[in-house]
Each structure stands twice: as C-alpha cells, then as structure tokens.
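Remarks on the structure that follows.
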Amino acid sequence: MQPAKRIEIIASSVELAKILDGLDKSGVVGRTVISNVSGQSSTGEMSDELVNNFYIIAFCSRDRVNLLVENIKPILDKFGGVCYLSDVMEVQSINCVASV
Amino acid sequence: MDLSLIASNILNPPVLFFFLGMMAVLVKSDLEIPQPIPKFFSLYLLFAIGFKGGVELVKSGIGQEVVLTLLAASLMACIVPLYTFFILKLKFDLYNAAAIAATYGSISAVTFITAGSFLGQLGISYGGYMVAALALMESPAIIVGLILLKLATADLAIVDDSKVTQRDLDWSEVLKEAFLNSSVFLLVGSLLIGVMTGERGWQALSPFSQDMFYGVLAFFLLDMGLVAARRLKDLEKTGTFLISFALLIPIVNAAIGLSIAKLIGLPQGDALLFCVLCASASYIAVPAAMRLTVPEANPSLYVSAALVITFPFNIIVGIPLYLYCINMLWS
Amino acid sequence: MDLSLIASNILNPPVLFFFLGMMAVLVKSDLEIPQPIPKFFSLYLLFAIGFKGGVELVKSGIGQEVVLTLLAASLMACIVPLYTFFILKLKFDLYNAAAIAATYGSISAVTFITAGSFLGQLGISYGGYMVAALALMESPAIIVGLILLKLATADLAIVDDSKVTQRDLDWSEVLKEAFLNSSVFLLVGSLLIGVMTGERGWQALSPFSQDMFYGVLAFFLLDMGLVAARRLKDLEKTGTFLISFALLIPIVNAAIGLSIAKLIGLPQGDALLFCVLCASASYIAVPAAMRLTVPEANPSLYVSAALVITFPFNIIVGIPLYLYCINMLWS
Amino acid sequence: MQPAKRIEIIASSVELAKILDGLDKSGVVGRTVISNVSGQSSTGEMSDELVNNFYIIAFCSRDRVNLLVENIKPILDKFGGVCYLSDVMEVQSINCVASV
Amino acid sequence: MDLSLIASNILNPPVLFFFLGMMAVLVKSDLEIPQPIPKFFSLYLLFAIGFKGGVELVKSGIGQEVVLTLLAASLMACIVPLYTFFILKLKFDLYNAAAIAATYGSISAVTFITAGSFLGQLGISYGGYMVAALALMESPAIIVGLILLKLATADLAIVDDSKVTQRDLDWSEVLKEAFLNSSVFLLVGSLLIGVMTGERGWQALSPFSQDMFYGVLAFFLLDMGLVAARRLKDLEKTGTFLISFALLIPIVNAAIGLSIAKLIGLPQGDALLFCVLCASASYIAVPAAMRLTVPEANPSLYVSAALVITFPFNIIVGIPLYLYCINMLWS
Amino acid sequence: MQPAKRIEIIASSVELAKILDGLDKSGVVGRTVISNVSGQSSTGEMSDELVNNFYIIAFCSRDRVNLLVENIKPILDKFGGVCYLSDVMEVQSINCVASV
C-alpha cells in the first residue's frame, strides 16, 4: 500500500467535456464518472433539473495533483463547480503505480 | 368561441397532466418521474415529430410557401433576440440581457408539439415543413445573443477596461453547441430519415412513432409540470420586470408571427405553429449553451422565465388564444 | 372448473413472466430489469388503470351500487387492520403488529391490475368505479394502524413508563404520506383526467394507455418475480406464524369481501376485484410510510410477508380461486 | 487551498427530505445527492429493492460540522442510515469559502 | 439486383438510425441515449423475438427441418471457434486468440433481429424455430474457447512452466455464465412462454411486443451507432490483421452457413437468418464471459472487432449480400 | 465519534458478485453500491459502454481492513479494478459500532 490522492470534482454536466480535457492534460487517465447527480449550492444559481451535475472521482499519485489543480481550477472558476482533494492509501491499482 | 377553444385545449389530456404535475408539487406529493425516463421521452418526441415531418415533407414537396416560411422563421429567430436584448438591457446587465434574449429568440419544441397535438384533436392538419422551421429556429438566437454580447462588451471595454474580462469566445465550439446539440441533431436527422424512407418507413415505424405519441406527450408534460412547479419559488428572485416580460413578449412575438403568416398566406394550422414558435422560449438547448458561453449570466433568471412563466402560459392560454385570433383573421 | 381457471390464469403471459423472474433468481441468472424502468412501469400502470377507470366511470355514471361499493371498500380498509392487529399481537410486539396490520389493511395495485387483465382475457367486464375503490383502500389502513399503535403504547406507558418512548406523531406528515403518496396521487389524478376528457381523451391516449398495458404488465411482473425471489431467503427469519398469517388472511379477507359483494349485489367482475382488493396487501406505499412512522418495526417482516407470500399467492392461486367461488355463488 | 470537511450520509430514500432539512438547518447549502444507490447493513433490516437508498456528499467548512452532527444524528438514530466525516482540502468552491 | 437489395436495406429506418448514431459521434454532437434505456431496449428485443418465435413454433410444429437446423446451428457454434482459434494464434497470444475465437463463434442477436426486420420489409417470412437456433448458438463458443485455451496452456505449461499461471477454471461458473446469462435466459424464457400461451397470448401481447418492435429497434440501433462510433479510435490499436479477420471471417462463415442451409433445404428466409447467425459475432454476452474467464485477454481487441467492424459490416452490407446469394442459388 | 476506514472499490460490473463475496468473507456487511458508473483507466483496456463499472463504498472498523485487503486484492489483481482506503470519523452507524 502506498499513499495517493483522491480528487473529487462536481459540476454541471455541460462542463463535463472541458473537465475531462483538463484531466487528460494533467495525465490523470484513471477516473470514474457518476452522471445524473443532483445538487445545490449557495450561489443562488441552484442546480437544474434539466441539466444535471456529474461527480468525478480520480485517484492519482500525489505529485500529479499540482498540475491538475492548475488545469482544473480556471474551468471551475469560470463555469462553477467544486473540487476537493484528500489523502488515500492505494490498495490496488495497476494504473496509478505505473504513473508514479 | 375563445373560451370554448381554451376549454378544449385545457381538456386535452396532455395539458391536464401538466396541471397534475404542478399540483403534485404544490400539495407536496412525492410523485416523481425518475430520470432518465423524461430525458428519453424528450428524445422520443423529437424523433417522432422529426420523422413525421420528413415523411410529410416528401408527400407535399417543397413549394414557394415552404421556402417563404423557412425564410421567415430564420428571420424571426434573428430579430427576436435583437429587439428583446435592448428591452432587457434596461433592467439587466449585458450578460443576463444577452442570455435571456437568446432564450426568447429560440423555441420550445414541447410547446410546438403540444400545439400540434391540439391541432390534431381539432382535426386541423399542418405541413411537415413546419418541423423544418422548428429546427431552423432553435439555434440562430444563440449566435445573435453572443454577437450582441461581444459588441456590447467591446464598447464597455473601451469605457472601463477593468470591469469586463476579455472574452475570447471559441466560435467553433459555439457553433457546434448551436447546430449540433442533441435536440437539433436528432430532429433534423429524423426528418431526413423520414424524407428518405417515406411512406414505407412510416408504415413500419408509425405504431411506435405515431400511436404512442400522445401518451408519451402526456407523461412528459406531467414531468414538465413537476419541474416547472419546483421552480415556482425562483419567481421571487426573478422580479416583476422579468415576469411581465415573460408574459408579454410571447404575445408580441405571436402577433408578429401572425402578421407574417397572414402575409405569406399560410393555412391556419401552419399559421398557429408559426405563431407558437415565435412565442415560445427555449429552456433546454439555449440554457445549456448559455451556461458554457455566458457563465456570468444567472441561469435561474433565464430558465425560470422561460420554463415557469412562458411555457405554461403558452401551453394553457397561448395556444388557444393564438388560434382564436387566426380563426378570426383568416375567415 | 377450478383447475381450468387456475390453468388459464397461469397460462396468462404476465403470470408466466412472474414465474420466469422467480426462476431467474433461483437458477442464479444475472437477469435484471434496470431501475428506473420498473419504477416507471409501475407509474405507467397506475396512470393507465386510473385513466381507464375515469373514462368508464363517466360512461356508467354513479349509481347506488357505486356508492355502496365505495362505502364497503372504506369499511374493509378500516376493519382489516383492526382485527389483524389483535391476531398479530399474539406473536409480535406492538410496533411490528401495527405495521403488519397496516400492510394487510391496504392493497396491492399490481394484484388488482393482474386480476383485471385476467378478467379481460375471460371476456368479463368490470366497472370503472372499482378503480376508485382501489384508490380509496390504499391509505386508511396507515391511519388505523397508527391510531392503534398510539392507543396501545399509551396503555403501555401507564404500565411501564420507561420502556416506551413518547411518540409525538407528526399527524400532518402522516396524513400527507397516506393520501398524497405518489401511487394514490397518480391514480386519482389520472382517474379525474379520465373523467374530464372522457371518450375523446380515450381515443387519443388508448394506443398508449390500453394497447401497451398488457405487455408492460408482463415486463413489470417479470421484475416483481425477480424482486420477490431475491427476498425468499428472508422467509427463514419470518417464522411460521407470519407465513401462515400471510397465506390464510388473504383467504379470510377474500371471503369477507365476497360476502359483502354478494350482499351489495355486485356483478361477477366487480366482485372478483373487490375480493382481490380485500385479499391483497401493500408492499410499496404502506412499507414506505411505516419506515418513517414506525421505524421500530422490522421492514423485512412486513415487506416479505406481503411481497414474497401474499402477492404470489394471490397472483397464482388466489385470483382464479376467488373467481371460482364467485362463479359458484352467483350462478 | 484550505482545509474543509467531507460529510457523507447514506440512508433510505424515504428519509431524504428529513436529512435535507437537517442540512438546511445547519447551514450546509452546498451538497450533492446520488439517488438510487443500493446497499446492505448488518441490522438484519436489509435494504429494499422497492425503496432505494441515497448517498449525500457535502463539503463544508470545519466549524459547521458540530452543528450538523447535532441536527443529523437524531434522524439517523431514529430511522437508520450512516454518516461519516473526513478531512479534505478545498481546491475550488466559491460557496464554501463564502461560508468560512 | 444486389445494389437494389443493399439500397432497400440501407433505406430501412433502423439501419439509417444506426448511421445517424455514428454520424452524431463523428460530428461531435452531444446526442446520447441515456442508460438504462438502451439496456432495457435490448431486453425488450430479446423478449419480443423470443415470444414471437415461441408462438410461431407452436403453429409450425417441430419437423425434420427444425431438428436438422438446430443440429447444424450447434455444430457451427462449435466449429467456428475451433478453426478461427488456429487462424488467430498466428498473430495473437493464446488468451486473445481464444477470446476472439469465442466472440466469433457466438452470435449477435441484434444482427439477427435486423435481418428479421429486413425480411419483414420484403415480405419474406421465416420460421419461429430460427429463434431457437439463435439461442442455441449464443453459448457453446464460450465453452469451446475455454477448452481450447485449457488444452493450449496445458501444452505450454509442459514446455515452460513459469510463464503460464495455473488455470483452475471454475467450470460450474463458466457453464452458468454461458447458459444462464441474461440474454439467453430471457430469450429462451420468452420463447417457452410463447409456446405455452400460443395464439391467445399473442393477441394480448402483440401490440406491445410486435407493433413497437420496429421503432424500438430503430432507437436501439441509434444507440448502437453511437457506441460503435465512439470505439472507432480503438481500431488503430487493433491492427490490420484483426481488421481483415473481422471483415473476411463473416463472409466465410456466411458461405459455410449458406452451404449448410442449401443442404438442409431451408426456405430463403430461414437460410438468410442462418447465414446471419454464422456470420455475426457477439459483443455483449461473450465479452462479459471472457472478462471473467480469460482476464488476460484484451477486451478492446475482441469487443472492437465484433462491434466496430463485423457488426456494421453485417448490418449494412452483409445482410443484403447474403440474401442476394441466397436468391441466386435458391431460384 | 470514533475513527473508522472508508474502502472504495471500482471495477467492472461483471466482477461485482465476486467482490461482494470478498466483502462478505471479510465480515464487511455494511456497504453501498453505485451501479452504472463509467470510467477510464490507463491500461489501454478502456471501460466498456456495454459493460459498466460499479463503485462500492464501505465504511468499517479499522481492524477489519487487513482481512479485507487480503480477500479483495487477488480479485482485482486478476480481473482489474481499483481499491483505495482512507480515514474517516464515524458520526453514526449502529452497524459499524456493533462490529468493533
């Protein structure tokens, strides 16, 4: 087992393509997308029943995180959405090991 | 006469199911049409209306009336966002004005479809090319809105450089979003398939695309009622200006549409659909595009106005009202 | 005669698909109807049965028979939870006794619908007002169960103050859950829309609401078979008392229902549906209400009894059995 | 980037309205709901195929957590369901910053 | 003649919707049929085709032709993975060779269904027992592939002990996956229900199972077009050997199938379906089984070949081509 | 509140039964399954549109984790998929308390 990072991103589904692009650019190839998630935020711009949100979880090595933040933050700044990081221990992931 | 038309529209099962959906939210029932059923139904409705339009287009052929109508449709899709933008600028900032203007320049396919099924119930036919007009009117407003915004913020940028962030619109993306969004794509694709397969394809597909249509519409409007009513509380934040706008502009647009229809000499069914296209506002395609291209605008403004006020207004009062006027003027 | 009725019931495609679903689980096939398709199908069935009921109610009008039936239905919905509560208290604590009693006092719309389609296959008609009876019988048991629980725990509280936590039921929430839950709401709503739009609405909607009905029911019962069979293992924990209860009480209730139907003088089709309403137990609406209002009760008891035993029993044996008895007594 | 808390709540869908109320009362306006989640727990009261679970994720500032626990715990105590807290770093969230 | 058949196949709405789906991906439209709608549609198609097959099997009875066809079907399902395995071994390791061989030994129900609807459009009938052949041919290839792999890796293990991990296949699980996977189970189950309920069940279910069929197929192929096109980029990694294999093997298999059909003396409709079964490759059931039983193989190889090349090839060119050859040889 | 572990497993839906077995064997009875999740990994063997992934979250006491890793890792090693562990604080869970 070795340390890794969990990245969680939630935003409107219309932004999904941009965010996935940002992940690609940062070399975060392993990721999982949960679609049709609903949500609410304090911006007054409540989430749409017609345009849903998505929730992305990506586990990656710790040294990739800075690059990712650089690539993702401007998108979220402009279009809305949230992103959080946390620490995890990797039990199993051929992908992530490979990218360390 | 007017009242009897309104009554026969309201006694339309789809419209009644729209009320039922609103009612469910108001009495706090937990009724819910789970996603992605409504999403699928909206695809189905576009598919069915497009396919039918295509098949009928083949039958009727493309005459002068068709060409004129399509021209008029494109024109209206450009004029409406233009003139409403200047009205909206009186009260809203540029971003919101552009986004709302684009919303009202575009159309609501469901309103069109409900009007079509209303005509069906009254035994009034309409031309397949009206579906092409529907497709044509969905997207131009997005472009017009963005151009206006670009011009307006360029002006501003001269006056006060710091306030406005430099917009470098990715035009290829805007055009893609405008003309290849799933609604337009499926509608036009199904129309073309209808044209290509004609009567034979119709016979094979119509038990699915035609016989189910009315029922799916009823179920879909049930969901629209739920969705619209859940947003009713947004109206507080919307303000009376936008509420009045959302009630009056459809009537103004319908009146313009009516004049054009009379000018071109459209038959009554087609005239109604043309009015409805002019009068309706988009709450799916345009909002999705606006979120990406004008993220500064507040979606709860443009979605709520189109969905909570204009859509129910057209569905309930607008459609029979416009038909009443048409009946008066045409006869 | 009885056997031939059972056979013609079992050879009903929907019932066979129910078996197929159970079989899939037993042989460990990975067959699965993905959510929310079954959820949507249940909404569709309620919509279709409600709408049809409404249209037929208009045709037949509301006579004395209708009023008597609806009264009888309300009565049964109150009596059944009462008397079963006292039987159940012999073996279960108050919470579980109340929850199971409420479950059996209410009804299963799918059982009703299956009985209706069985009648359809035999060419026996039934009155639209039976759908109103269905709607009427869904909820009262929830209230009766809670009142019983309240009284019983109040008694207890006097005897032994510490054991029972003070229940301050939020009655408005209970009533809301009872009368505005999505099943009742959609059923009654569709019925009213059927009444309002009558024959004309029927013509537009029936290709969707009538022609698809049988197929959707088959698919839905396929899923019910999967769901019921997956819960078969719960029966071990359920105990023989509850299993016997779940097999005998439907027969007792059907017998009471039959007597009442004879008394009122219902025709055979209506009598069967009335018996089926009395005999069936709720596994959706009431369990959802009980989870919130009696969280102390164990859902695997009341859901399993209703879903794994009573539901299949009624679907397979009960419906033809009740009809056999009716045929004997009526002729 | 600044520290925040992730709150995860899983319970039966019949309790959703109550839990959302609890979040509202605690001022946790930003949240995401994943519906139609299935589950199992050791209480013997297995989850229902007919009544599904939901899964809520809410990111919020650390000082809101205590109030939230106070508001949510009684509901879960009574009706069942689970709630867990963990530490995250906030990359992007206008809402959460605002509420700090 | 050939061209007119290809044209009338391509002008089939379902095939056109397949193109539309591919087009949507190529022009980067965001069109998407949300899950689980396509999943449900595939269940529906299996249900409908199985049920229809059962009903018609009852009408026609089981003659010598039926027995011979089913024998031939089983034979082909065993021979194809055998001979292709040795071809594939030339370029691929044992694991991938076995997995691809199994894929091509099995069948694609959607290709079969599309061929059936093509026959329907041309007014050519086919026997219900062909559905039984479809069911029979789905699974044997999985077993044959695994046996081959077992033998081959046993050989290897003697030569070089370290390279190959000892495979202890859980045969009961393999057999379960092979014969009880949801496709086979639902197809056979619906067929049996069709046999049991016959004409009467047909009358009740056919508005759902028959009249909707064509439309659902169109929508499903729209989704298949999206799915196939999204995988087009995989072809780069696939290599020319596999691409040629995926184009030529269907033709070879169809030719073998055609010879057998001629030998048995099948009528034209049945002969086409038999050819299509031989020529098609599985991209759902077998891949799912292979992921579990041969995890060493690369899914993007066997899924892409079957889905991105063989499937569209059969749908667009293969079906009319095989029918053309049959028309030539039979007359 | 007491410390616990979050286990997250993502893999192809064809493996779900095996993984649930592994959880059962490790005594991890409380868990939540999100189905129909889509994903991508670096193995070149991209995820299938036809065979979806699932995402399992299980919260459990820290001392169960080692056993679980032993039971789950070989499955993921063979069939693919990822598994990560992280620390959480348990606010409410009758189940987990019971299993400590």
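Chains: A, B, C, D, E and F, in written order; residue numbering restarts at 1 for each.
Throughout what follows, a contact is a pair of C-beta atoms (placed from the backbone, for glycine too) under 8 Å apart; a residue touches a chain by one contact, two chains touch by 3 or more.
Only a predicted model underlies this, so the values are computations on that prediction, with no experimental measurement involved.
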Minimum number of chain-to-chain contact steps, chain B to chain F: 2
Can you name the chain that lies farthest from chain A, using the mean of each chain's Cα atoms as its centre? C
D-F or E-F - the one linked by more C-beta pairs in contact: D-F
Centre-to-centre on C-alpha atoms, which chain is most distant from chain D? E
How big is the gap, in whole Å, between where the Cα atoms of chain B centre and where those of chain D centre? 38
Using CA atom averages as chain centres, what separation in Å is found between chain B and chain C? 42
Can you compute the centre-to-centre distance for chain A and chain F, using the mean CA position of each chain? Integer Å is fine. 20
Chain E touches at least 2 other chains through residues 34-36, 207, 211-212
Using the touch definition from the top, which residues of chain D touch two or more other chains? 34, 36, 80, 86-87
Residue set of chain E touching chain F in the complex reads 35-36, 227, 230-231, 234, 237, 283-284, 287-288, 291-292, 295, 298-300, 303, 307
Complex contacts: residues of chain E adjacent to chain C: 35-36, 39-40, 43-44, 47, 51, 176, 180-182, 185-186, 189-190, 193, 196-197, 200-201, 204-205, 207-209, 211-212
Could you pull out which chain A residues touch chain B in their complex? 12, 14-15, 36, 44-46, 48-52, 78-80
Interface with chain F, chain A side, in the complex: residues 1, 4, 6, 29-35, 57, 59, 86-96, 98-99
Which chain C residues qualify as touching chain E in the complex? 11-13, 16-17, 20, 23-24, 27-37, 117, 120-121, 207, 211-212, 214-216, 218-219
